[in-house]
């Protein structure tokens, strides 16, 4: 994915990513409140314990909970607990793990290889996973040990519980651990209107990386081990890998803000709603095609070159895919209806002008 | 070092570490202000650029500046730029790199070995460094490539500029890169009353890890490359290693607070002054011996067992070293005169009672 | 590639690999002769020095020469000298590096990612290489640093000097180091009838892995650095990575046998001739299609399922590719005309019977 | 240990190492015989299976058996199966693992740290091991997971079965896996006159690296897993790490020669006897002191400087330890009585002259 490198962003023109927004108010307030006084360091503070308990309640599961600084680390460390360097990890050919981690999983795992399964709208299917496991059993081929599922996907789609159940069952049958990249897990929960734990149980998830930054934290992600055996000595792994915060309260207290009154879910629903609004508008625009079902908070669309040009001139920020004419518009907790409508207006006016030639 | 694992800390009883304090007011305010509006992610925001410039000004050097999440990562990644897996890193036998990183340097570097030089009050000397370089030159011994100097040291002492000049010259003569672990660099600057750049030039430092958390940031450290060639592709290294913040503004904006009106130096001086006050009081206490010169913000002392017991009963938090009867009291920007005096009072009353037996 | 796992091989029925043959007579004799008396260990023996000189003569280049145990190590260590963990290595989608090293390059390099370029008959082309370098320049994508070319290729084809010149020039233009996987380099030399150094200079090779085992050594490969700067401290790298033989004479003396009277070239020509004979016979067989030009010592062909079945029954050993109906027949220095003819006879008789249905 | 770097060794003057000898006759003959005909590669040959069975018989244990190229790899890979990167390995301060592997264990394990226990004559004791395990339990200290015992030791001593039983019991009590570095295991067996399996059971060894090269193989070591769970996927680990021989027969067939008629034990006894003869002679020489009990095939002695000088002039090769005046004389299967006596003669004549000053 091409990098979004502009530093000056025109107010209200930002659809590049859900990480260009700041911290949501609930998280910020909790952050500030947690600042008062001394707290034992390295996670021995009172916030960390409480947040871990709240997450266990949320998932209705006796899982082990850890907090790390970012998504690269969360996913790479979680995957590393599921395999050895000579094993392999199956993910989709558009998985963030493969396309946007600069070799992070390979680095943290000490050399585990990613095996790419074909995908449709960002989703894996059982057949392509199974093919990667069964096609070879010789020792020159790194033994598949993990299935990594992104929910919601990099294409803005969401696996149904049934789809997850099929993948989870296949994984277990094939001897694979299940890792879920949940950088946008909240958006998936909002989209499915399911309990978080239902998703976990459907896919038989062993370890989930629950994204915090994209749903409103200033920094940090949670790693939840539903198979607690995988979490043995995980604190040591985090420490060694530079992922143990000394002032841990600043990674964990903001979760309290997010988890209170289901703020996280409210924000996720809002992001999804903004994407739906944008998608609806785009699908009614001549010359514009939606590329994937907008299940969550991202909208992928193909736009005429002239539209891209005009949006760029007017200061809109979003990812483009070179040579493909396609765009990714990402909505967040901070996206407003006015921004969506303004973007739609600019696209429509450009597209109409384009169509009238 | 034994872990400080209590979660509940009695207000005003915290001398365990300078990372048990929260963020200093200046950093917190900058953090909150930076939250408004959208910012490009991954360091392409406006704060990051400004802070890098401000740090270059502070050091009066055209260095390359990066920001990572914590000290383990800062030191491990910095050292990794100076060596290959089959090289070795010389540090003191009490270096944090050796004693408290759970193998972090070995992990990030892909296997580089630490060679331990003897130290006095936490300080290296040229002879012990040179002996490690010259004693063997065969390929079964990992070739020394880096000298790591902690300033201020883990024992609360500070190298003089002359001592640094000797070590720096020796390092360059021996073909070693110079890494400075500056987790408490600010306290060293305050102690020496020197310009930050003077320390760098004296020791011929190639890469400095400038500690942020211990001087008042909520999270994050800066890595400054004075030999810019070492910084080639360092952004990739950070990304792969899980040290690239998506919402980078939250790591960098607080530095603005710290750097404005020399707040960082004010806080460092305060911490040092608190340590000096504590040391002065302890040295006047019967049965208590100072173990190292209190140059910076730490005080190491031997205390009678009964004193330890009583301090513990009264809720004081500090590190102890099993079987040695010694204690480390660490002061920070947040330590108050009242706290120091209260601690001294409790020590003296215990010690006196002890002495009267 | 599916593993060839049978232990009992019917004499004269072995086309599975060129590593199922033993040591060629010249290598074995040199091995036995080198056994007499004491020799300094770890490469400080007299054979190692001589062989390195002989290889420099052969390539008419002042290269640095090292000896390691096998091809996985040779390729992985050589590639590791050309990149850092956060860089990437471009190779073909059928490169042995990608398909048959169980993550070796990722392990030895500490996480460098392989980027796969499309290939035709196992050969890379400039366009697909260039696309991988230019399509992204953001730090989420591991920076391409190495081009790995296999000569002769995994498909039994051989790059012409012109093709190599194009790839080499493109690599240097794009800032890539050139690694050559020469597991079957000897067969390429024999095929092109060029001087070994011509191949190196055409492709601007920085480091070559010159295969020894497949051309008749009992164990061991040579690594030649044409850019000697890359070889800095390579002896340490080998030592750390378990690739420094204590009794090094046994890895190097056999090269003397191979290099004397151009035995290596004679054997390579023989292997190629056997493959040509087999290919000629197959191309005249109804129902059988050659899949790649048989430039070197391998023949790839599609065979009817019934032919596979019958060959299997009669004890022939060769690799098959599941579901594709294709076969790889590999010839070596030890393959005889009689064996080729016997194989052809069995294929023809099966194919004819098949065709007559 | 200082490197022995001379290439020209005067016949009969070699006491530098037991790896300066060639292959013993039994191993060489088996090597040559195994060369005939085709064999399936990668360990699927008939020799490998047979040798594994023979080793299981020798140890009277149903262990898993693998073969790798050298000792660095054997020890590093074996240790890596017993720990994760954030764990630590306890070994003696003179362990080869620590002093002569150029960071190999750290590299293969992905960063596991070695913790050094004090030793006497190269031997560990329970108290120093236990201290390393119990002194800290915080996550900043890599969790001890393995105890590595060298038998016979680097100082030429041999643990008694009782000493091993104490260490093994302590290890298991402390939650440590037991790795035995058996580079000179044969010499220990010969010294103790015990069954190989008795040593294993006494020390509760989980994985043994059984040295081949030093006892007469041209290349290769065996790795035996007595806890077979540790061997899960070890073949993949070897493959990835460049330790899977394609022509495996050449690593395994020579073991047949060694194992037939107990040739390995005969050679080990001979090496030990030569060391005993040398030690007896030295202990009767004025000015010469034995430094360690000569239990196996090494003799450590302090010699006057003038003796070192004269031995050097006369072409004798052995390791010296800078500044200590000490020497290591290593005997092998190939050492002759005449060589020992000639060495003794030269030492005595130098020492006497020295003493007469």
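Read from first to last, the chains carry the letters A, B, C and D; within each, the first residue is number 1.
Here, a contact is a pair of C-beta atoms (placed from the backbone, for glycine too) under 8 Å apart; a residue touches a chain by one contact, two chains touch by 3 or more.
Here's who's who by UniProt: A, B, C, D = L-threonine aldolase.
Note that the structure is a prediction, hence the values are computed from the model and not measured.
C-beta contact counts were set side by side for A-D and A-B; A-B has more. Of all chains, the one whose CA centroid is most distant from that of subunit A is D. Centroids of subunit B and subunit D (each the mean of its C-alpha atoms) stand 41 Å apart.
Distance between chain centres (mean CA atoms), subunit A to subunit D: 51 Å.
Once the centre of each chain is set as its mean CA position, subunit A and subunit B turn out to be 34 Å apart. Taken residue by residue, subunit A touches two or more other chains at 3, 5, 42, 85-86, 101-104, 107-108, 110-111, 139-140, 142, 236, 239-241, 244, whereas all remaining positions touch fewer.
Across the complex, subunit C meets subunit A through its residues 1-3, 5, 85-86, 88, 99-104, 106-108, 110-113, 135-142, 322. For subunit C in complex with subunit D, the residues that touch the partner chain are 3-9, 11, 14, 16-17, 19-23, 28, 31-32, 34-42, 44-46, 49, 68-73, 76-77, 101-104, 107-108, 213-214, 218-219, 236, 239-247, 249-251, 317, 334. Those residues of subunit D whose C-beta lies close enough to touch subunit A in the complex are 42, 84-87, 110-111, 139-140, 142-143, 233, 235-237, 239-241, 244.
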